[in-house]
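Heads up: the structure comes next, in C-alpha coordinates.
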Amino acid sequence: MSVSLHPEPFDPWARLAAHQAQLPAGSFGATAVFVGTMRDFNEGDDVRGMTLEHYPGMTEKHLEGIVAEARSRWPLDDCLIAHRVGPIEPGDPIVLTAVWSAHRKAAFEACRYLMEELKHRAPFWKRETLKDGQVRWVEKNTEG
Amino acid sequence: MSVSLHPEPFDPWARLAAHQAQLPAGSFGATAVFVGTMRDFNEGDDVRGMTLEHYPGMTEKHLEGIVAEARSRWPLDDCLIAHRVGPIEPGDPIVLTAVWSAHRKAAFEACRYLMEELKHRAPFWKRETLKDGQVRWVEKNTEG
Amino acid sequence: MSITVRYFASLRERVGRAEDQLDADGNDTAGGIWARAVPEQAMPDRVLIAINQEYADADHPVRDGDEVAFFPPVTGG
Amino acid sequence: MSITVRYFASLRERVGRAEDQLDADGNDTAGGIWARAVPEQAMPDRVLIAINQEYADADHPVRDGDEVAFFPPVTGG
(Lines give C-alpha, C1' and ligand atoms only; values in the text may rest on other atoms or scores of the structure.)
Protein backbone atom coordinates (compact mmCIF):
# COMPACT_ATOMS: atom_id res chain seq x y z
CA MET A 1 0.00 0.00 0.00
CA SER A 2 1.42 3.35 -0.99
CA VAL A 3 0.05 6.90 -0.85
CA SER A 4 2.35 9.68 -1.97
CA LEU A 5 2.23 13.40 -2.77
CA HIS A 6 4.62 14.71 -5.41
CA PRO A 7 5.77 18.35 -5.53
CA GLU A 8 7.69 17.47 -8.71
CA PRO A 9 6.45 15.79 -11.94
CA PHE A 10 6.23 12.00 -11.71
CA ASP A 11 6.08 9.34 -14.40
CA PRO A 12 3.03 7.15 -13.71
CA TRP A 13 4.30 4.23 -15.81
CA ALA A 14 7.69 4.18 -14.09
CA ARG A 15 5.94 4.46 -10.72
CA LEU A 16 3.71 1.47 -11.58
CA ALA A 17 6.65 -0.61 -12.80
CA ALA A 18 8.63 0.10 -9.62
CA HIS A 19 5.69 -0.59 -7.32
CA GLN A 20 4.67 -3.80 -9.08
CA ALA A 21 8.26 -5.11 -8.95
CA GLN A 22 7.82 -5.35 -5.17
CA LEU A 23 4.76 -7.60 -5.41
CA PRO A 24 5.17 -11.39 -5.55
CA ALA A 25 5.09 -12.39 -9.27
CA GLY A 26 2.26 -14.77 -10.13
CA SER A 27 0.13 -13.70 -7.15
CA PHE A 28 -2.16 -11.18 -8.83
CA GLY A 29 -4.12 -11.54 -12.06
CA ALA A 30 -5.70 -8.13 -12.56
CA THR A 31 -4.34 -4.59 -12.42
CA ALA A 32 -6.61 -1.58 -12.98
CA VAL A 33 -5.08 1.87 -13.32
CA PHE A 34 -6.32 5.41 -13.74
CA VAL A 35 -4.19 8.43 -14.60
CA GLY A 36 -5.57 11.98 -14.58
CA THR A 37 -3.55 14.37 -16.71
CA MET A 38 -3.68 18.16 -16.87
CA ARG A 39 -5.34 19.37 -20.05
CA ASP A 40 -4.54 22.66 -21.78
CA PHE A 41 -8.21 23.69 -21.75
CA ASN A 42 -11.01 23.78 -19.16
CA GLU A 43 -14.58 25.06 -19.38
CA GLY A 44 -13.88 26.53 -22.79
CA ASP A 45 -10.71 28.44 -21.88
CA ASP A 46 -7.07 27.86 -22.75
CA VAL A 47 -5.16 27.05 -19.58
CA ARG A 48 -1.46 27.80 -19.23
CA GLY A 49 -0.76 26.30 -15.83
CA MET A 50 -2.22 25.28 -12.51
CA THR A 51 -1.33 25.19 -8.84
CA LEU A 52 -2.62 22.41 -6.62
CA GLU A 53 -3.06 23.40 -2.98
CA HIS A 54 -3.61 20.71 -0.35
CA TYR A 55 -3.97 20.34 3.42
CA PRO A 56 -0.68 18.79 4.55
CA GLY A 57 -1.40 16.00 6.98
CA MET A 58 -5.13 15.72 6.34
CA THR A 59 -4.68 15.00 2.62
CA GLU A 60 -2.37 12.02 3.20
CA LYS A 61 -4.56 10.76 6.07
CA HIS A 62 -7.67 11.03 3.94
CA LEU A 63 -6.11 9.17 0.99
CA GLU A 64 -4.95 6.41 3.33
CA GLY A 65 -8.52 6.21 4.65
CA ILE A 66 -9.89 5.82 1.11
CA VAL A 67 -7.43 2.99 0.44
CA ALA A 68 -8.36 1.26 3.71
CA GLU A 69 -12.05 1.53 2.82
CA ALA A 70 -11.44 0.04 -0.66
CA ARG A 71 -9.51 -2.85 0.87
CA SER A 72 -12.40 -3.58 3.23
CA ARG A 73 -14.89 -3.63 0.33
CA TRP A 74 -12.97 -5.68 -2.27
CA PRO A 75 -10.40 -8.48 -2.03
CA LEU A 76 -7.29 -6.56 -3.13
CA ASP A 77 -3.62 -7.49 -3.20
CA ASP A 78 -2.40 -3.90 -3.22
CA CYS A 79 -3.32 -0.26 -3.91
CA LEU A 80 -1.36 2.77 -4.98
CA ILE A 81 -2.29 6.47 -5.03
CA ALA A 82 0.10 9.19 -6.20
CA HIS A 83 -0.98 12.84 -6.49
CA ARG A 84 0.82 15.98 -7.61
CA VAL A 85 0.81 19.14 -5.50
CA GLY A 86 2.16 22.60 -6.27
CA PRO A 87 2.69 24.10 -9.74
CA ILE A 88 1.62 21.89 -12.66
CA GLU A 89 1.86 22.28 -16.44
CA PRO A 90 -0.46 20.99 -19.18
CA GLY A 91 0.41 17.39 -20.03
CA ASP A 92 1.64 16.66 -16.49
CA PRO A 93 0.05 13.69 -14.71
CA ILE A 94 -1.98 14.93 -11.73
CA VAL A 95 -3.16 11.71 -10.15
CA LEU A 96 -2.48 7.98 -10.40
CA THR A 97 -4.63 5.30 -8.79
CA ALA A 98 -3.85 1.61 -9.20
CA VAL A 99 -5.26 -1.60 -7.78
CA TRP A 100 -3.95 -5.17 -7.91
CA SER A 101 -6.37 -8.05 -7.36
CA ALA A 102 -7.03 -11.68 -8.30
CA HIS A 103 -10.00 -10.72 -10.49
CA ARG A 104 -10.76 -7.91 -12.88
CA LYS A 105 -14.18 -7.00 -11.46
CA ALA A 106 -12.68 -6.12 -8.06
CA ALA A 107 -9.76 -4.30 -9.71
CA PHE A 108 -11.98 -2.16 -11.97
CA GLU A 109 -14.51 -1.36 -9.26
CA ALA A 110 -11.95 -0.53 -6.58
CA CYS A 111 -9.86 1.64 -8.92
CA ARG A 112 -12.92 3.64 -9.88
CA TYR A 113 -13.98 3.89 -6.24
CA LEU A 114 -10.57 5.33 -5.29
CA MET A 115 -10.88 7.99 -8.00
CA GLU A 116 -14.48 8.96 -7.17
CA GLU A 117 -13.75 9.23 -3.43
CA LEU A 118 -10.57 11.19 -4.11
CA LYS A 119 -12.38 13.60 -6.44
CA HIS A 120 -15.25 14.22 -4.03
CA ARG A 121 -13.56 14.28 -0.63
CA ALA A 122 -9.77 14.54 -0.69
CA PRO A 123 -8.60 18.05 0.27
CA PHE A 124 -7.03 19.38 -2.93
CA TRP A 125 -7.84 22.67 -4.65
CA LYS A 126 -6.92 23.75 -8.16
CA ARG A 127 -6.07 27.30 -9.14
CA GLU A 128 -5.69 27.84 -12.89
CA THR A 129 -3.72 30.44 -14.79
CA LEU A 130 -5.40 31.16 -18.13
CA LYS A 131 -3.59 32.04 -21.33
CA ASP A 132 -4.25 35.76 -20.81
CA GLY A 133 -2.68 35.61 -17.33
CA GLN A 134 -5.97 35.65 -15.42
CA VAL A 135 -5.93 33.43 -12.31
CA ARG A 136 -9.03 31.61 -11.05
CA TRP A 137 -9.92 28.94 -8.52
CA VAL A 138 -11.55 25.93 -10.11
CA GLU A 139 -15.01 25.87 -8.51
CA LYS A 140 -16.41 22.65 -9.93
CA ASN A 141 -14.65 19.38 -10.41
CA THR A 142 -14.52 17.68 -13.81
CA GLU A 143 -17.53 15.43 -14.19
CA GLY A 144 -17.20 11.70 -13.56
CA MET B 1 -5.41 3.24 -32.25
CA SER B 2 -3.22 0.18 -31.84
CA VAL B 3 -3.96 -3.55 -31.66
CA SER B 4 -1.00 -5.90 -31.37
CA LEU B 5 -0.26 -9.55 -30.67
CA HIS B 6 3.02 -10.40 -28.92
CA PRO B 7 4.71 -13.78 -29.27
CA GLU B 8 7.35 -12.51 -26.80
CA PRO B 9 6.90 -10.99 -23.32
CA PHE B 10 6.01 -7.30 -23.36
CA ASP B 11 6.26 -4.61 -20.67
CA PRO B 12 2.83 -2.97 -20.35
CA TRP B 13 4.18 0.16 -18.67
CA ALA B 14 6.83 0.73 -21.34
CA ARG B 15 4.19 0.07 -24.01
CA LEU B 16 1.88 2.68 -22.44
CA ALA B 17 4.67 5.25 -22.12
CA ALA B 18 5.66 4.79 -25.77
CA HIS B 19 2.09 4.94 -27.04
CA GLN B 20 1.16 7.98 -24.98
CA ALA B 21 4.26 9.85 -26.16
CA GLN B 22 2.64 9.92 -29.62
CA LEU B 23 -0.54 11.64 -28.37
CA PRO B 24 -0.70 15.46 -28.27
CA ALA B 25 0.20 16.52 -24.69
CA GLY B 26 -2.56 18.42 -22.92
CA SER B 27 -5.31 16.95 -25.13
CA PHE B 28 -6.56 14.12 -22.91
CA GLY B 29 -7.46 14.23 -19.22
CA ALA B 30 -8.21 10.62 -18.34
CA THR B 31 -6.39 7.36 -19.00
CA ALA B 32 -7.84 4.04 -17.85
CA VAL B 33 -5.74 0.89 -18.09
CA PHE B 34 -6.20 -2.80 -17.41
CA VAL B 35 -3.44 -5.40 -17.30
CA GLY B 36 -4.17 -9.11 -16.99
CA THR B 37 -1.22 -11.09 -15.65
CA MET B 38 -0.67 -14.84 -15.55
CA ARG B 39 -1.06 -16.23 -12.05
CA ASP B 40 0.75 -19.29 -10.73
CA PHE B 41 -2.51 -20.90 -9.64
CA ASN B 42 -5.91 -21.51 -11.24
CA GLU B 43 -8.99 -23.36 -9.98
CA GLY B 44 -7.03 -24.59 -6.97
CA ASP B 45 -4.03 -25.98 -8.87
CA ASP B 46 -0.44 -24.79 -9.15
CA VAL B 47 0.23 -23.78 -12.74
CA ARG B 48 3.71 -23.92 -14.23
CA GLY B 49 3.07 -22.41 -17.64
CA MET B 50 0.52 -21.73 -20.32
CA THR B 51 0.20 -21.61 -24.10
CA LEU B 52 -2.14 -19.15 -25.74
CA GLU B 53 -3.52 -20.28 -29.08
CA HIS B 54 -5.27 -17.79 -31.34
CA TYR B 55 -6.84 -17.58 -34.80
CA PRO B 56 -4.36 -15.54 -36.88
CA GLY B 57 -6.25 -12.94 -38.86
CA MET B 58 -9.59 -13.27 -37.11
CA THR B 59 -8.14 -12.40 -33.70
CA GLU B 60 -6.64 -9.09 -34.89
CA LYS B 61 -9.78 -8.28 -36.90
CA HIS B 62 -12.00 -9.02 -33.92
CA LEU B 63 -9.92 -6.85 -31.57
CA GLU B 64 -10.01 -3.99 -34.07
CA GLY B 65 -13.80 -4.41 -34.21
CA ILE B 66 -14.06 -4.16 -30.42
CA VAL B 67 -12.01 -0.95 -30.47
CA ALA B 68 -14.18 0.53 -33.24
CA GLU B 69 -17.32 -0.33 -31.27
CA ALA B 70 -15.91 1.32 -28.11
CA ARG B 71 -15.05 4.46 -30.09
CA SER B 72 -18.61 4.63 -31.42
CA ARG B 73 -20.06 4.35 -27.89
CA TRP B 74 -17.79 6.76 -25.96
CA PRO B 75 -15.91 9.94 -26.89
CA LEU B 76 -12.35 8.57 -26.87
CA ASP B 77 -9.04 10.09 -27.92
CA ASP B 78 -7.31 6.75 -28.36
CA CYS B 79 -7.36 3.04 -27.51
CA LEU B 80 -4.69 0.38 -27.18
CA ILE B 81 -4.95 -3.40 -26.96
CA ALA B 82 -1.89 -5.66 -26.64
CA HIS B 83 -2.22 -9.41 -26.13
CA ARG B 84 0.32 -12.19 -25.70
CA VAL B 85 0.19 -15.37 -27.78
CA GLY B 86 2.28 -18.54 -27.54
CA PRO B 87 4.08 -19.84 -24.44
CA ILE B 88 3.60 -17.76 -21.28
CA GLU B 89 5.06 -18.01 -17.77
CA PRO B 90 3.51 -17.03 -14.42
CA GLY B 91 4.01 -13.33 -13.79
CA ASP B 92 3.95 -12.50 -17.51
CA PRO B 93 1.42 -9.88 -18.65
CA ILE B 94 -1.19 -11.53 -20.89
CA VAL B 95 -3.32 -8.57 -21.94
CA LEU B 96 -3.21 -4.78 -21.82
CA THR B 97 -6.17 -2.54 -22.63
CA ALA B 98 -5.91 1.25 -22.36
CA VAL B 99 -8.20 4.14 -23.20
CA TRP B 100 -7.52 7.88 -23.38
CA SER B 101 -10.44 10.31 -23.08
CA ALA B 102 -11.35 13.80 -21.89
CA HIS B 103 -13.31 12.42 -18.93
CA ARG B 104 -12.82 9.60 -16.50
CA LYS B 105 -16.31 8.09 -16.82
CA ALA B 106 -15.81 7.38 -20.52
CA ALA B 107 -12.27 6.12 -19.91
CA PHE B 108 -13.29 3.70 -17.14
CA GLU B 109 -16.36 2.41 -18.96
CA ALA B 110 -14.66 1.96 -22.32
CA CYS B 111 -11.62 0.23 -20.79
CA ARG B 112 -13.87 -2.23 -18.97
CA TYR B 113 -15.94 -2.75 -22.12
CA LEU B 114 -12.80 -3.62 -24.11
CA MET B 115 -11.82 -6.23 -21.52
CA GLU B 116 -15.29 -7.80 -21.23
CA GLU B 117 -15.71 -8.03 -25.00
CA LEU B 118 -12.21 -9.43 -25.40
CA LYS B 119 -12.79 -12.04 -22.68
CA HIS B 120 -16.12 -13.19 -24.09
CA ARG B 121 -15.58 -13.07 -27.84
CA ALA B 122 -11.96 -12.68 -28.95
CA PRO B 123 -10.58 -15.98 -30.33
CA PHE B 124 -7.90 -16.97 -27.81
CA TRP B 125 -7.60 -20.29 -26.01
CA LYS B 126 -5.48 -21.10 -22.97
CA ARG B 127 -3.80 -24.45 -22.40
CA GLU B 128 -2.21 -24.80 -18.96
CA THR B 129 0.66 -27.00 -17.82
CA LEU B 130 0.23 -27.89 -14.16
CA LYS B 131 3.06 -28.39 -11.69
CA ASP B 132 2.89 -32.18 -12.07
CA GLY B 133 3.27 -31.86 -15.87
CA GLN B 134 -0.41 -32.47 -16.65
CA VAL B 135 -1.68 -30.37 -19.57
CA ARG B 136 -5.29 -29.12 -19.77
CA TRP B 137 -7.33 -26.70 -21.84
CA VAL B 138 -8.86 -23.96 -19.74
CA GLU B 139 -12.60 -24.50 -20.17
CA LYS B 140 -13.97 -21.54 -18.32
CA ASN B 141 -12.71 -18.02 -18.33
CA THR B 142 -11.85 -16.23 -15.08
CA GLU B 143 -14.92 -14.53 -13.72
CA GLY B 144 -15.45 -10.82 -14.33
CA MET C 1 -12.17 -23.29 -55.44
CA SER C 2 -13.26 -25.13 -52.35
CA ILE C 3 -14.31 -24.54 -48.75
CA THR C 4 -11.60 -24.40 -46.09
CA VAL C 5 -12.65 -25.84 -42.72
CA ARG C 6 -10.53 -25.02 -39.67
CA TYR C 7 -10.54 -26.34 -36.13
CA PHE C 8 -8.91 -24.67 -33.11
CA ALA C 9 -7.76 -25.53 -29.59
CA SER C 10 -9.44 -28.52 -27.86
CA LEU C 11 -11.72 -29.00 -30.87
CA ARG C 12 -8.71 -29.38 -33.16
CA GLU C 13 -7.38 -32.11 -30.86
CA ARG C 14 -10.79 -33.79 -30.71
CA VAL C 15 -11.22 -33.78 -34.49
CA GLY C 16 -7.62 -34.89 -34.89
CA ARG C 17 -6.63 -32.36 -37.55
CA ALA C 18 -6.37 -28.58 -37.99
CA GLU C 19 -7.95 -28.20 -41.43
CA ASP C 20 -10.08 -29.81 -44.13
CA GLN C 21 -10.80 -28.84 -47.73
CA LEU C 22 -14.31 -29.63 -48.98
CA ASP C 23 -15.93 -29.14 -52.35
CA ALA C 24 -18.88 -26.76 -52.21
CA ASP C 25 -22.24 -28.45 -52.85
CA GLY C 26 -24.04 -25.18 -53.66
CA ASN C 27 -26.42 -25.48 -50.72
CA ASP C 28 -24.16 -25.57 -47.68
CA THR C 29 -24.67 -24.17 -44.19
CA ALA C 30 -22.03 -24.02 -41.45
CA GLY C 31 -23.74 -26.89 -39.62
CA GLY C 32 -23.89 -28.86 -42.85
CA ILE C 33 -20.17 -28.34 -43.39
CA TRP C 34 -19.47 -29.87 -39.99
CA ALA C 35 -21.67 -32.87 -40.78
CA ARG C 36 -19.83 -33.45 -44.04
CA ALA C 37 -16.31 -32.77 -42.67
CA VAL C 38 -16.61 -34.61 -39.34
CA PRO C 39 -19.33 -37.23 -39.97
CA GLU C 40 -18.11 -39.44 -37.14
CA GLN C 41 -18.77 -36.78 -34.43
CA ALA C 42 -21.84 -34.66 -33.64
CA MET C 43 -21.14 -30.92 -33.61
CA PRO C 44 -20.56 -29.96 -29.91
CA ASP C 45 -23.33 -27.93 -28.23
CA ARG C 46 -21.13 -25.03 -27.17
CA VAL C 47 -19.14 -24.77 -30.40
CA LEU C 48 -18.45 -21.31 -31.84
CA ILE C 49 -18.53 -20.85 -35.61
CA ALA C 50 -16.86 -18.20 -37.77
CA ILE C 51 -17.34 -17.79 -41.52
CA ASN C 52 -14.59 -15.76 -43.18
CA GLN C 53 -13.43 -14.75 -39.68
CA GLU C 54 -16.80 -13.33 -38.56
CA TYR C 55 -19.02 -15.09 -36.01
CA ALA C 56 -21.99 -16.89 -37.59
CA ASP C 57 -24.76 -19.32 -36.64
CA ALA C 58 -24.94 -22.98 -37.69
CA ASP C 59 -27.64 -22.25 -40.25
CA HIS C 60 -25.64 -19.51 -41.97
CA PRO C 61 -25.07 -20.27 -45.69
CA VAL C 62 -21.54 -21.16 -46.83
CA ARG C 63 -20.33 -20.38 -50.34
CA ASP C 64 -17.50 -21.70 -52.47
CA GLY C 65 -14.20 -20.12 -51.35
CA ASP C 66 -15.39 -19.44 -47.80
CA GLU C 67 -13.34 -20.27 -44.72
CA VAL C 68 -15.41 -21.92 -41.97
CA ALA C 69 -13.90 -22.25 -38.49
CA PHE C 70 -15.12 -24.25 -35.49
CA PHE C 71 -13.76 -23.67 -32.02
CA PRO C 72 -14.61 -23.99 -28.31
CA PRO C 73 -15.61 -21.08 -26.03
CA VAL C 74 -12.79 -18.54 -25.89
CA THR C 75 -10.60 -18.11 -22.81
CA GLY C 76 -8.25 -15.20 -23.60
CA GLY C 77 -7.34 -12.15 -21.54
CA MET D 1 -3.58 25.69 24.83
CA SER D 2 -5.87 27.23 22.30
CA ILE D 3 -7.86 26.37 19.19
CA THR D 4 -6.11 26.60 15.81
CA VAL D 5 -8.36 27.76 12.96
CA ARG D 6 -7.16 27.22 9.39
CA TYR D 7 -8.47 28.43 6.04
CA PHE D 8 -7.63 26.97 2.63
CA ALA D 9 -7.76 27.92 -1.05
CA SER D 10 -10.35 30.54 -2.09
CA LEU D 11 -11.65 30.70 1.48
CA ARG D 12 -8.19 31.65 2.75
CA GLU D 13 -8.10 34.49 0.23
CA ARG D 14 -11.62 35.57 1.17
CA VAL D 15 -10.85 35.58 4.90
CA GLY D 16 -7.54 37.30 4.19
CA ARG D 17 -5.39 35.02 6.37
CA ALA D 18 -4.38 31.37 6.61
CA GLU D 19 -4.73 30.82 10.34
CA ASP D 20 -6.17 32.13 13.61
CA GLN D 21 -5.58 31.16 17.22
CA LEU D 22 -8.61 31.38 19.52
CA ASP D 23 -9.01 30.73 23.22
CA ALA D 24 -11.45 27.89 23.92
CA ASP D 25 -14.66 29.02 25.62
CA GLY D 26 -15.57 25.52 26.84
CA ASN D 27 -18.75 25.35 24.81
CA ASP D 28 -17.58 25.72 21.22
CA THR D 29 -18.88 24.17 18.01
CA ALA D 30 -17.23 24.37 14.57
CA GLY D 31 -19.89 26.89 13.46
CA GLY D 32 -19.38 28.91 16.64
CA ILE D 33 -15.63 29.00 15.99
CA TRP D 34 -16.26 30.53 12.55
CA ALA D 35 -18.58 33.15 14.06
CA ARG D 36 -15.93 34.12 16.63
CA ALA D 37 -12.95 33.99 14.20
CA VAL D 38 -14.55 35.66 11.17
CA PRO D 39 -17.35 37.80 12.69
CA GLU D 40 -17.44 40.13 9.68
CA GLN D 41 -18.45 37.31 7.25
CA ALA D 42 -21.21 34.70 7.38
CA MET D 43 -19.94 31.10 7.01
CA PRO D 44 -20.37 30.16 3.32
CA ASP D 45 -23.14 27.67 2.52
CA ARG D 46 -20.95 25.15 0.76
CA VAL D 47 -18.03 25.29 3.20
CA LEU D 48 -16.38 22.05 4.27
CA ILE D 49 -15.22 21.67 7.87
CA ALA D 50 -12.56 19.41 9.35
CA ILE D 51 -11.79 19.02 13.04
CA ASN D 52 -8.37 17.51 13.71
CA GLN D 53 -8.19 16.61 10.00
CA GLU D 54 -11.47 14.64 9.95
CA TYR D 55 -14.61 15.94 8.26
CA ALA D 56 -17.21 17.27 10.72
CA ASP D 57 -20.51 19.17 10.73
CA ALA D 58 -20.94 22.78 11.86
CA ASP D 59 -22.58 21.69 15.13
CA HIS D 60 -19.72 19.35 16.07
CA PRO D 61 -18.16 20.29 19.47
CA VAL D 62 -14.65 21.77 19.47
CA ARG D 63 -12.30 21.31 22.43
CA ASP D 64 -9.22 23.13 23.63
CA GLY D 65 -6.22 22.09 21.50
CA ASP D 66 -8.32 21.14 18.47
CA GLU D 67 -7.47 22.21 14.93
CA VAL D 68 -10.52 23.42 12.99
CA ALA D 69 -10.24 23.91 9.22
CA PHE D 70 -12.61 25.60 6.80
CA PHE D 71 -12.33 25.14 3.05
CA PRO D 72 -14.31 25.24 -0.22
CA PRO D 73 -15.47 22.14 -2.16
CA VAL D 74 -12.46 20.09 -3.20
CA THR D 75 -11.27 19.95 -6.81
CA GLY D 76 -8.36 17.48 -6.86
CA GLY D 77 -7.64 14.56 -9.15
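Each chain gets a letter, A, B, C and D, in the order it is written, and its residues are counted from 1.
The working rule: a contact is a pair of C-beta atoms (placed from the backbone, for glycine too) under 8 Å apart; a residue touches a chain by one contact, two chains touch by 3 or more.
All values reported here derive from a predicted model rather than from experimental measurement.
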Intersection of contact partners for chain B and chain C: none
Length of the shortest touching-chain route, chain A through to chain D: 1
Centroid spacing, where centroids are CA-atom means, of chain C and chain D in whole angstrom: 72
Computed distance of Cα centres, chain C from chain A, in Å: 48
Distance from chain B to chain A - Cα centre to Cα centre, in angstrom: 23
Touching two or more other chains - residue numbers and ranges from chain B: 36, 115, 142
Residues of chain D touching at least two other chains: none
Every chain pair meeting the contact rule: A-B, A-D, B-C
Contacting residues of chain B [partner chain C, same complex]: 36, 52-55, 57-58, 61-62, 83, 94-95, 115, 118-127, 137-142
Chain B to chain A touching residues, read off their complex: 11, 13-14, 16-17, 20, 25-41, 90-91, 102-105, 107-108, 111-112, 115, 142-144
Chain D - residues contacting chain A, complex: 6, 8-10, 48, 50, 53, 55, 69, 71-77
